[in-house]
Amino acid sequence: MLENLYQEVLTLEANTMEDKIILDINNLYINFKNGSDIIRAVDGINITLYKGKTTTIIGESGSGKSQTVLAILGLTDGQPGIVSGSINFNYHNLLENIPLFKSTNKNEYKKLDKWFHNQQKIFKKIRGKEIALIFQDARASLIPYYSIKEQAWETWKKNNSNNEKLFLDRIFHLSKSLAFENIERILSSYPNQLSGGEAQRAYILLSLLGNPELVIADEPTSSLDPSTSKSIIRLLVDLSKEENFSLLIISHDLGQVLSISDSIYVFLKGSIVEELMIDDKDIILPKHPYTRFLLSMAEGKAFRELRVNKSIKRGNINTTIKGCPYANNCSLKYEKDEKFKSKCEELKPDLKKVHQGKVACWFYE
Amino acid sequence: MTYTSFLIKIFVFLFLITSYSIAQSGGNSLTYIEYHPLGNLNPYENITLRNNNLRFQSLIYQGLFKYDFNSEEYVNVLAETHRDLRNNRFRVELKRNIYWHDGQPITSQDIVSTYEFIMNEGKLPIISDRLRNSIISIEINSATSVTFHLNDNVTVDPRFLLTQWILPHHLISTRQARQSFNRRPIGSGPYKFESLSLNGTLNLTINEKYHFKKPSIRQIRTEIMPDFDTASLRLLSRLSDLLIDVPVNRIATIDRSPDHRLEPYQSYTIHVIAFNFNNRLLSNHRLREAITIGFDRQTALEQWFGGRGRVLSGPFTPGSPYFNPQIRPRTHSQNHARQILRDLGYSDINGDGYLQQANGERLQFRLLINNSVSDAGMGMQNVVQQFQEQMREIGIQIIFQYEVTDNYDQRLMFDRDFDMALVGWSFDPTYDISYLFHSSFIRPGGGNIISYRNNQIDNLFNQFRDSNNNVMRANYMDSIQRIIYEDIPYLFLFTIDRHAAINIRFVNTLIDPIYFFSKIEEWEIIQGL
Amino acid sequence: MIKAVSSKLIFGLTILLTLVIAHIVNIFYPNMFNERSARNSPPSITLFQKLLYNNPIEEIEFISNWLFLEESDNEEVTRFERKYFLNAPNRTATVNKEYNYRPTNRSNNSVIYEVYSAPPNFEFRNQEFSWIPIKENVGAHTIILEAYDQESNKTFQIEYILYVNSSFLLFGSNNRGESVFGMIVKGASWTLVPGLIACFFGVILGLFFGAISGYYNNYFSNLIDNLSIVIESIPALIIIFLASVISGFNIYVIMIFVGIVLFPSNYENIKQTVISFKKSQFVESSKEIGFRNTTILWKDIIWSNCKTKIIKQISYCFVFSITIEITLSYLQIGIQPPNISWGMLLYEGRSMLLMGGYWLTVFPSMIIILTLSGFYFVGESLSRSLNPRS
Amino acid sequence: MIKKIGYSLVKSVLNLLLSVIFICVLLALIPDITADNYALRFKSYFITAVTFNYDISLARGFYISELVIDASQKTFLLIFVTLITVIMISLVIIILESLFNQNYILQIIVTVIKTISTLPVLIWASLLIFFAFIIWNAVPVYADLESDSLWIKTLVIALPVISLSLGDGMLMDFYLKIKNELSSLNQQQWVKSLRARGISTLKHKIRSLIVPIFNLVSSKITYLISGSIIVEYIFSWQGLGFLIWQVLMTPGAKDYPLLLACCKVLLITVIIISLIRDYIDFTLNPHLIEK
């Protein structure tokens, strides 16, 4: 009874939130060709981002989270790339008129290519100005032979006016929020003269110059030490409140993002296995064994499971995958009977609503 | 397939455009091609004596006298008359009303300065040494008359010494003037210097105030081509009119062109194989005879030079005054050669195809060959190979030793380190061949490279030099030739005719074998061809 | 992948084997292809001729070989030709086959022909030639006919050249009547031995010094470093030109200099590899275990890691030395006659083009291309298959 | 920065000096019966080379400096045009490839060009002459640059340039280098980030291509010079290589000061290009920009 009520409340909340949806990804499929094989990098995912909220995508490397992000900006490299689905940004479908992709025929590839090439015009409009993307290694993301100021000016010119005074004002304004002590030094230096944290903050500064509505941070802290990374993420969240943009953080460390996220998507081998909604009380009730494993990792309890999980094959996602992507490593599997086991291995579970979130697991059928 | 054919069509179209746009030489100008770059414009500042320099010099400059190789006599050019005075004095009267290109009159001062310049500062030791040894002093009698005081030992015709180009006194007397002269030379010949570009293209225009018969060709242009193929391409596409020397094995290329004519002229070069008399075996007269008989010179000449030449019996070419047609070359007979070798005691003991000496050593000789590029080089290399083959047939092994010019000269002239050597000779008008056979030239650096020693010949040469009587001289030379014919110090191969390829619009083209353009005033142009 | 590599390797090895066979043939049977044939004969592969050559050589030769010894104007000659020669004689004859020719003219029987000059065993009866050339007759023959015109009471001499073919004319013959195929076989001698010399001085010394100066970094390696930089900064062909003139066009000395020219790149390559491996973990660990420096350097670093590089360098060295040899011979400062090099064939071919002979350019260049690609393929595929990382 | 450039300058000058010594040693070793002994000859050559005391050419009536300047202009024209051609062709091929990604014919053409451009310059030159003869029944191998028509001049420079750019793997090296650089640039994080920020990458790509291309040019320049010597002889292009060949091959004219001057110009060219390479490296290479 209580559970039912809780669900109703949640749906109500969701309804009210739906007005503020900024990005809505539906049934996105991304494939890549490897020789004669087709690798399914992203396997029909649905993601919804709300305005002003911080969303996190969690997953191991090769689970397709980076490809999802690149797809949003139309930056996917390789063939065939985005195959089907829709990405609605501010209720405009970025993947309009995507051709129907039936077989691995060469002509189909060509059609897709041509479509993707034409679509770049639309993507170019939103890049930087509407959606900003922050990369893993900030130092490598900065042009090595320009000073930060030159790069910032180039970005500013592209997105705003040619007014230098406004530019400097904006930079000084941002530098306060970004906690730069000596902004002059940063502006005049080259990327290889900066420390990792400084470079990352400088890059955040660059990406905020276009006043984006959505900032995507693709593992922004993976090359930094823990304390710096924590502060950077904190900074980003604060800035999102201050500058009024939505935040999408990609991470492989659940513990780091748990406290700041409004919702968490757990990726495994190209599909979402769990969708967590986190309310203000910090109640987190992961259902999927993989999420549980991640959580225990974050809390430092994963010693036993770690040994089991060694056998996860990284990035080897084929069209031939049947059943649950976590079937081989599932800890719940051993508690189930034989019947269940075969179901896990042969049929892929769909996302089902369970309590606050959604889980794709046969155990919760 | 259609695509490629389309491309080919485009190429053909481009070619048509280009071929029509080729500017054909024509009109009153003559363009001729040299293989080697021209030297310094001042004839006496060159370090080498090469024919390509003599050709353009004969257009710009003139000497007191000129030796006409066609009529075999001396011709007066700047000199009006000459008188052989007693006590080795030779007096020359200049023609009147003769001028340099810049309008100044030619006086006896010019002649004196020129000869002093050659003797004191000439860079060619052959010429300046010869003049220094022969001329004691030059005396000016008047503005148009000079007297040369000659040495006692001068036996040649004094006019031979006075064939040198005369340069203007006012342009060679000071160093500064000489520098400008080297850039813009001035002579008295039928053509004026106009320009010389850095790649060697020389432009000459007609001298309007020329004091003798004016030629009908208005302009002459020299182009430098590195090799015959380029040159003949240029000729066949009518971009140039004259090739001085077509190598004999390439004559067929020119022969089929309807626009051009081959003009043969006598060459004063003969090809010989020298036998080194220091070699124990080769000093044997019979062995030399066997080698000579064993080589089929006539076939070689026909095969590699199309028969355009003549097999020689002695050192003189048919064009020279001492040539004796009665001395016929030895006839080729392989069997006879084998017989001679058998008589000498050589036999093939071990059955390897080559003859052995009594001590068991193989009968083999080293043949020294200069491998630098030369005009007749290609053909001669074939001849040498044929020589090797035919020697193998009679049982003698020939080993080739190719050397660069300098090493070749060193071995030939100084070290005498060879058994046989392929040599080419050229003659000057004196036809003095004593330095090749006289025993006093056996010393290192001397011309008697084979160390040939024959008292009879030495005496004859001495008599030849001392005598002034032309008939006696011819008699001496004749007997020298007969002795040489019997002795076979050299295997005389042949002399090869030279051919010039000329555009057919030039007629009456009289060619001088050395200076080439000596008779340029006789050349005529048929317009519209 | 493996299939492609092996097919390349087989192709390359076949070419190398052919070269070795040609070399052996040249050593033991030097006169195998010495037989001469007609000058400038086209190759027996007439397909090429039809495809590439729009001015068949027969026509040109035919015109040029009719030399009318009687002096006459051009018009008269043409008239004469029409009058006295309706049919042209065959230009070529073949050994042991009967050759017949009967000159005919428009005004029958008014012209009487006589042989003025002809090769021995040549028969002329009843106004008709008949001749069976024997092996000794191979080559060019000048035949002069004397024609007596009864109408005009004039005698003319007419000369033409008859070629007797016999030799192995797979690729035609050159200006001297030598078989191009035979010359190509002879030229194959100058591919392997010069390459070996260049290899010794370039690759082997480069390997030795590169390894030593990479491993023991001392003043000696500094010296060699600077020397190699100096050599590298001089254009290779200048050194080789001068070397050729100094040595009097001795190909073996030239190849020593080719090796010297190739030395710097090989040296640098090996040195960098050794330096990069010297810093690696396994070298330090094997030092701690107690292996000697020489063992580590030559066995662990060079043998196990530089194999592929050395093989590539050797193949490049061969390619480079062959190229240099051909180039120098083309410029007439390389191999000298009577030896034959492919570059000389190309040089002859250039002048032959004017007379319409394409075969001296096309076939030698084809052979050169095949040889060079053979060396490339062998080097590439061997190094690929020996690479521990693939 | 200045220190670094100064260091490389000193190094280059030393390098030049050593290579001049090397050339002088080789020159002194040339057999020459009329000359002094080896040591004296080396001394005289070296003094001439160092003091630039060139007089009138022995075999020709010009000053050596005149001849060399004229010839080097022609050689540099040839080399420059070749470099431009090679870079342009490889860029065009790369652009075409990116435009028609899956084009079968284009791939075949590229493979063919890659394979055939490994052939030596000599083979290319003779084949070009052959093709020119097939098409035109004539071979344009010489033009008087003063008097001949423009068509002939263009043709005459076209053939050597083609054979120089196709021969010795020149085109293939440039093509592969530029393609590799471009693809590695596209893999670079900062290019991706530029695209993500919506800024045009062309300008930055061109700028970062300058360093590798110039590195390649400086490493290829000796090969180009070697090739130009051959090509100049074959096509009678009267540049430095032709002059060198003429000095060596003209019998009797031992004009070694001229030869020395020609060699020295070529050496200086190599050194200057490596200096420019160093300078560009110091100013443009991101890894060498001072910290």
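Lettered A, B, C and D in written order, each chain numbered from 1.
As a working rule, contacts are C-beta pairs under 8 Å (C-beta built on N, C-alpha and C of every residue); 3 or more make two chains touch, one makes a residue touch a chain.
Please read all numbers here as calculations on a predicted model, not as lab measurements.
**Student:** Strictly by the touch rule at the top, which chains does subunit A share as contacts with subunit D?
**Tutor:** The common neighbours do not exist; no chain touches both.
**Student:** So using the touch definition from the top, which pair is joined by more C-beta contacts, B-C or B-D?
**Tutor:** Most C-beta pairs in contact, of the two: B-D.
**Student:** State which chain is most central when centres are taken as means of Cα atoms.
**Tutor:** D
**Student:** Determine the centre-to-centre distance between subunit B and subunit C, using the mean Cα coordinates as centres, and give it in whole Å.
**Tutor:** 34
**Student:** So what's the Cα centroid distance for subunit A and subunit B, whole Å?
**Tutor:** Chain centres of subunit A and subunit B, defined by C-alpha means, are spaced 91 Å apart.
**Student:** What's the distance between the Cα centroids of subunit A and subunit C, rounded to whole Å?
**Tutor:** 66
**Student:** How many angstrom lie between the centres of subunit B and subunit D, each centre taken as the mean Cα position?
**Tutor:** Spacing between the chain centres: roughly 41 Å.
**Student:** Could you list which residues of subunit D touch at least two other chains?
**Tutor:** Counting only residues that touch two or more other chains, subunit D contributes 30-31, 139, 233, 245, 249.
**Student:** Show the residues in subunit C shared as contacts by 2 or more other chains, in ascending order.
**Tutor:** Expected reply: 245, 248, 332, 350.
**Student:** If you look at subunit B, which of its residues touch at least two other chains?
**Tutor:** 229, 233, 236, 373, 404, 407
**Student:** Just spell out which pairs of chains touch, all of them.
**Tutor:** Every pair of chains meeting the touch criterion: A-D, B-C, B-D, C-D.
**Student:** Can you name the residues of subunit D that touch subunit C in the complex?
**Tutor:** 15-16, 18-19, 22-23, 26-27, 29-31, 115, 118-123, 126-127, 129-130, 133-134, 137, 139, 222-223, 225-226, 229-230, 233-234, 241, 244-245, 248-249, 263, 266-267, 270-271, 274
**Student:** Quick one: which bits of subunit C touch subunit D in the complex? Just the residue numbers, please.
**Tutor:** Listed in rising order, the residues are 52-55, 226, 229-239, 241-243, 245-246, 248, 323, 326-327, 330-333, 343, 346, 349-350, 353, 358, 361-362, 365, 368-369, 372-373, 376.
**Student:** If you look only at subunit B, which of its residues touch subunit D in the complex?
**Tutor:** 8, 11-12, 15, 17-19, 21-23, 36-42, 45, 47-48, 50, 182-183, 196-201, 223, 225-227, 229-230, 233-234, 236-237, 239, 372-374, 404-407, 409-410, 413-414
**Student:** Where on subunit C is subunit B touching in the complex?
**Tutor:** So the residues of subunit C touching subunit B come out as 60, 63-64, 139-140, 142, 175-176, 245, 248-249, 332, 336-338, 350-351, 354-355.
**Student:** Can you tell me which positions in subunit D touch subunit A when the two form their complex?
**Tutor:** On the subunit D side, the touching residues are 101-102, 186, 188-190, 192-199, 204, 207-208, 284-287, 289, 291.
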